[in-house]
Structure formats: C-alpha cells, structure tokens
Amino acid sequence: MATLTIILTDGPYISECAEMAVKIAKAALVHHRVNIFLYLDAVHIPKGGQNPVHFVNIGRLFEELASNGATIRACPRCAAARGYQAAEGVCQEYLPGIRITSLYDLAEMLKESDKVIALSR
Amino acid sequence: MATLTIILTDGPYISECAEMAVKIAKAALVHHRVNIFLYLDAVHIPKGGQNPVHFVNIGRLFEELASNGATIRACPRCAAARGYQAAEGVCQEYLPGIRITSLYDLAEMLKESDKVIALSR
Amino acid sequence: MEHNRQLHSDAKGSRVDIFLLTKSPFSERARFCMRLISRSENAVLYLAGDGVYMLLEEALENLPLNRIVACQEDLEARGVQAKDKTVVPVDFYERLVEDAMNEESKLYAF
Amino acid sequence: MEHNRQLHSDAKGSRVDIFLLTKSPFSERARFCMRLISRSENAVLYLAGDGVYMLLEEALENLPLNRIVACQEDLEARGVQAKDKTVVPVDFYERLVEDAMNEESKLYAF
Amino acid sequence: MRSVFYMLDAAPYGSEKAYGLLNAAAVSIKMNVIVGLYADGVYLALAGQDSRALGVPNLSDIIYAYPEMRVIAHEPSLAKRGLFSQSLIERVELVDDEKFIEEAVASDSVIAL
Amino acid sequence: MRSVFYMLDAAPYGSEKAYGLLNAAAVSIKMNVIVGLYADGVYLALAGQDSRALGVPNLSDIIYAYPEMRVIAHEPSLAKRGLFSQSLIERVELVDDEKFIEEAVASDSVIAL
C-alpha cells in the first residue's frame, strides 16, 4: 500500500480537473492511501447544494471519496478569502468529510506520499 | 450617457480580473450606465462572508458597485451548478444587490450597450 | 476635456480603436490583439495587469500606435519600467473609460 | 498482474517514467512534458482530457515512448481517432494508477 | 450593439469555456452572431464528437442547433494543429487569417471569454 | 517524498498562481524545495517589485523570506521575454534548458499548479 496525493487548484465545472481527480482517486483507493489537497479555487469543490443540470455533481463525488477513505483537506487562507469559514476544521457550508485545516497539511501529505499528481487547467 | 457592459468569468482572488472590473466600473459609473454579467466561475464573486487576509474584499467591492447603480446579474446555470440557489433572483448566500437571473440578460445587456469589456485570465 | 481633445487630435480618420490588454505578451490573446493593432489606422493601447509586460517587448515599437498608456500600480508591482513614450497617468482607469466610452471610439479588450 | 509484467517488460533500466498529460499540445505544460519524455530512457505516456489532442501531432511519433495510452471517453467526446499504436483500454484510470503507483516508476503529471 | 464576435481560444471539453461561449452565443442570436474559433478553439471543429461516455453536453450539437450562429475557424490555427487532415464539422466555415481578423473588426464587439 | 520541484509557468500578480505556489513552497522547506520559473513564470525574477499601490503581497519578498527555497529560472524563457536586459532578483539562479530539466528530473516530484 502506497500513498498518492492529488493537488487541485480549479473549482468545480470550470475544468475537467476535479472529475479526473475523482476517477484517479477512485482507482487508487482500491489498493492505496489517497490524499487530496484543495488549493486556490479548488476550495469551492466541497460546497454544498451543487445542482448541475448537464454535468455530474462534483461535490457529491468528493463527499463519496471522503467516505470511501480519501483524506481531503482544504487550504484555510484560500477558503476564508472565498467565504468559507471553519470552526476546528469544520465548515458548515461544506459537504461532510472534507475539512479546512492548514497549508502545512499539504507539506505533510507530500512528505508521506510516494506519488503526487497536480491537476490544473 | 452611454452603457458599458462588463463580462466576467473568473472567480474572486484567483485572478486580477474582478478587481480590474471594479476599477473600470467605478470610473464608468460617474458618467455612464454599467452592467456586469457574472458568468462561469464569476458567480462566486458575490458570495457573502469573504474574509481575505492580504487582499481587498472583492465581494464588498461588488456590493458597493451595485449600491452605486451598477446592474449586476449572475448566470443561473453556472450559479446552480456551483451551489447558489435563487428564489425570484435572490440568493441568500449572495451579498445584497446582485441577482441571479437569466443568461438572456447577457444578450439584453449587450444589445443595449455601447461598449463591452470581457475580462478573463 | 483637454484629454478628449487629445483623443480627437490623434485621429487620422474619424474612428479611434482603443485596445485594453491585460494578458502577457506570449498569450494567444495578446498576439491576436497585436494583429488587430497592426491593421488599425488609429490605435491607442491601454496596458493593465500582465499586459504591462508588453513594455518589455521590442515588437511594440513597430506597431502603429498613437499612444500607449500603462497602469502605474500594475507596473510597480511587477517591477516593469515604462518606456519614454509610454503615458503613466495617475488616473489610468478614468482615462481608459473616457477614451473607451467616446462615441468615436471602438473598444477591444483582451 | 499481467499488466504489471507488461510494465516491467517495458523497462530497459529499472525505472519507468509515467507521464500523465491532460493539456493540449501547444500549451507550455505539454511542451515541457515532451521535453522530459525526449530525455527519458523508458517512458509511458497517458493521455487524458485535452491531452488526447496530442494524437493529432506527428511529433509524437518521434518521441521515445514505450507505450501511449489514451482515455476512451476523452477521445470520443473530442472526435479524436486513436492511432494504431495507441492503447485505448476500457479501464484507463485503473491502468494509470497501477503504472503510476508502481515502486519502480516515477510519475509526472502535466 | 447589433453584432457580436465571440472568440473561442480554448479547447472544448477540457474547460467550461467552449460550452459557456456557445451558450452565450446561442442567447445572442437576435443580434448578428459570429463564433470565431482561434488557437485551441479550432479543436471544436473536429467531426464525430460523442460526449455521452464523458457525461457532458455535445458541443458540436449546439452548433447545429443554432443555424443563426455563424461559426468560422482560423485556418492557420487549424493547420498548426494538424486538423486539415481530419474530418471537420460542415457547419464550420474555414477562413484565412485576414478574413478572420476582418470579421472580428466588422462586428460591433469582440468578446473573448 | 524528500524533494519537490514546484514549477511556476504563470506570470505573477495577474493570477493567484504565483502567490499560491510560493506559499506552498514555503511550507515545504523541510523537504528540498526548488521553485522553477518557466515560461511566463520567469517574470517573477524582475527586480524592483513594489506591490503596495496594487494592494497585494510582494512576491519577491516571499522569495527573500525563505532562503531554504532554491529558485531557478529557465534562461530560454527569460531570453524570449526580453528579461536579460532587465535587472533581476539576485536570489534567482539562471540555468539553461538542460540544467532546468535535470533539476526537475532529479527531484522526487514535479508540481505545476
């Protein structure tokens, strides 16, 4: 069992990145540990209430990933700037399982990782 | 008095576009009508609760523009996908003065405009 | 008022093309913008954001431009020096809007 | 298991470089990715998203690649035909992960 | 404003830009609308797009759904990307660099999203 | 992972990418960190940045605040953008194409944001 860290910087729907990340993470979770760090615009991904008409619901996919064991963390500076406040890591506007923690978590994730994938448009 | 329409597609903080739009709109409002259409990721701009540490609060700037007479509308498809629901154009999560209406408003804005500026990264 | 006169005195024909460029020089948008300028008979270029990096390009000098106006805070942030002929006004956005909204002008933004 | 064997049989040295490219061919990222591939002794290229447009580039044939694997749904959406030597598996992401997470491989994503 | 030139310079599907631009063009058809495919935007001209498995709207279908929308593609961009040897959507009109620029300049506004 | 090569290919200030990348590099300094300036990223090497009037953090200050962070710039990218005739930040080490690629390959991971 190895560890994969995925770094995202795009929000949902604006690019294919979030969806690709889900496909990669799903495949990786079968045999490996998966970390996902949501950075810059990617902090919008776990927002609740997403209701896309012609696209798959990206938020739900990340919620599922978290419940399937992926560790998903968001950058607090990026999140606060964009209007997501957290108390002890928990943001009321976020879907369950995804926490707003610290940018240092990114460094920790990288240190413990065997492989890294950053996706952005 | 002429009419300027500004079209935005980036969210706040990720690029300079939103802030430039504010500077242009402020200058234009002195003598002209200003429309702003928030499209794609730009529907994140009016989200309440923004708390940037090292940057100016973009949401507040747009709230000010609206109260100074700019007509600011957001795309309903883009907004719904990203988790912003509106009842009769009003979204509880949005700052006052900015409404989620219809993509046809973009066409109407363009038709009645003398000049258009689209800003994106 | 004085500024308006300046705009009109620029004009060889009746129309002035106002270009607002906020993209860096090697982006597709900047290149397209340069192409449009190269065939304009009466062009004024406003540089803001990453558009101010255009001032590092020698190609800029060969374009038929009546005036280049650059945004001071964007220049300063990036450490870009304005060239001799570049106008760096304190009221960049006011001037941009005045030129852009003029009836005689056509506005392009990239 | 069989697939793992395939990865190892690719290997001239011990290490395999796995490249995941999701950017279109003329992006700076794609070009950088091609540069890295050109100096790799043992490269496998996974194309997803706009990366599948690479299959329209003749330059791809001159790169030292052991294998090119393309994502079927991304090809179909874009109307891009896979070339003869391109592998288009039904389980693109499973294969990508298997190759990428292999101890003997180094992963690059652009 | 009576005419709009929407310039698409991003590849379809990888980002929402193409979809967004086509939707904006579609609601604008009471004006004269040109969609100008430029740089990576010309990938939209590829025939045979089938986005069902990807689970997103088919962008070439949007072009066919709005015949009022004139769609032109910049030949040098197509050539650079090897698209002349590919089947292209019939609805897309190929124009040279000069003509592409002319169409942009002839419109009341140019909008690049 | 003991070393990370953060590749910046976007211009500073126009987007949040440079700021985000430098912050990510700053928290990663317990590993070996290289920031590689490439393509438009090399504009970050310009000396004399003063972002006070723009009202955003000074990105060259971040480079000076973390001496553990090695910053290299891709010479062909600098040359193409006319930066060799400009004053550059002393902290930035200029390297040729071969050396730039070597540094990327020598790191345990390459991260382009």
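By letter and in written order, the chains are A, B, C, D, E and F; residue numbering begins at 1 in each of them.
By our rule, a residue touches a chain if its C-beta (ideal position, glycine included) is under 8 Å from a C-beta of that chain, and two chains touch if they have at least 3 such contacts.
Just so you know, these numbers come straight off a predicted model, no measurement behind them.
Student: Touching chain C and chain F alike: which chains?
Tutor: Of all the chains present, those in contact with both chain C and chain F are B.
Student: Would you kindly say which chain has the C-alpha centre located farthest from the C-alpha centre of chain B?
Tutor: Of all chains, D has its centre farthest from that of chain B.
Student: Per the definition at the top, count C-beta pairs in contact and tell me whether B-F or D-E has more.
Tutor: Higher C-beta contact count between the two pairs: D-E.
Student: In whole angstrom, how far does the Cα centroid of chain A sit from the Cα centroid of chain F?
Tutor: 25
Student: With centres defined as the mean C-alpha position, give me the chain C-chain D separation in Å.
Tutor: 43
Student: For chain E and chain F, let me know how many angstrom lie between their CA-based centres, rounded off.
Tutor: Comparing mean C-alpha positions, chain F is 36 Å from chain E.
Student: Find every residue in chain B that makes contact with two or more other chains and list them.
Tutor: Residues 13-14, 16, 40, 55, 77-78, 114-116, 118.
Student: Of all residues in chain F, which are in touch with two or more distinct other chains?
Tutor: 13-14, 16, 39-40, 55-56, 109, 112
Student: Name the residues of chain D that each touch 2 or more other chains.
Tutor: 22, 49-50, 107, 109
Student: If we use the touch criterion from the header, which chain pairs count as touching?
Tutor: By the stated definition, chains touch in these pairs: A-B, A-D, A-E, A-F, B-C, B-E, B-F, C-E, C-F, D-E, D-F.
Student: Which chain B residues qualify as touching chain A in the complex?
Tutor: Going by the criterion above, the answer is residues 11-14, 40-41, 44, 47-53, 55, 59, 77-78, 80-85.
Student: Once bound in the complex, which stretches of chain F touch chain B?
Tutor: So the residues of chain F touching chain B come out as 13-16, 55-57.
Student: Spell out the residues on chain F that touch chain A in their complex, using ranges where they run on.
Tutor: 1-2, 4, 16-17, 20, 23-24, 27-28, 30-31, 109, 111-113
Student: So in the complex, the part of chain D that touches chain E is made up of which residues?
Tutor: 22-26, 49-50, 53, 56-58, 72-74, 76-80
Student: For chain E, which residues count as touching chain C in their complex?
Tutor: 7, 9, 38-40, 97, 101, 104-105, 109-110, 112
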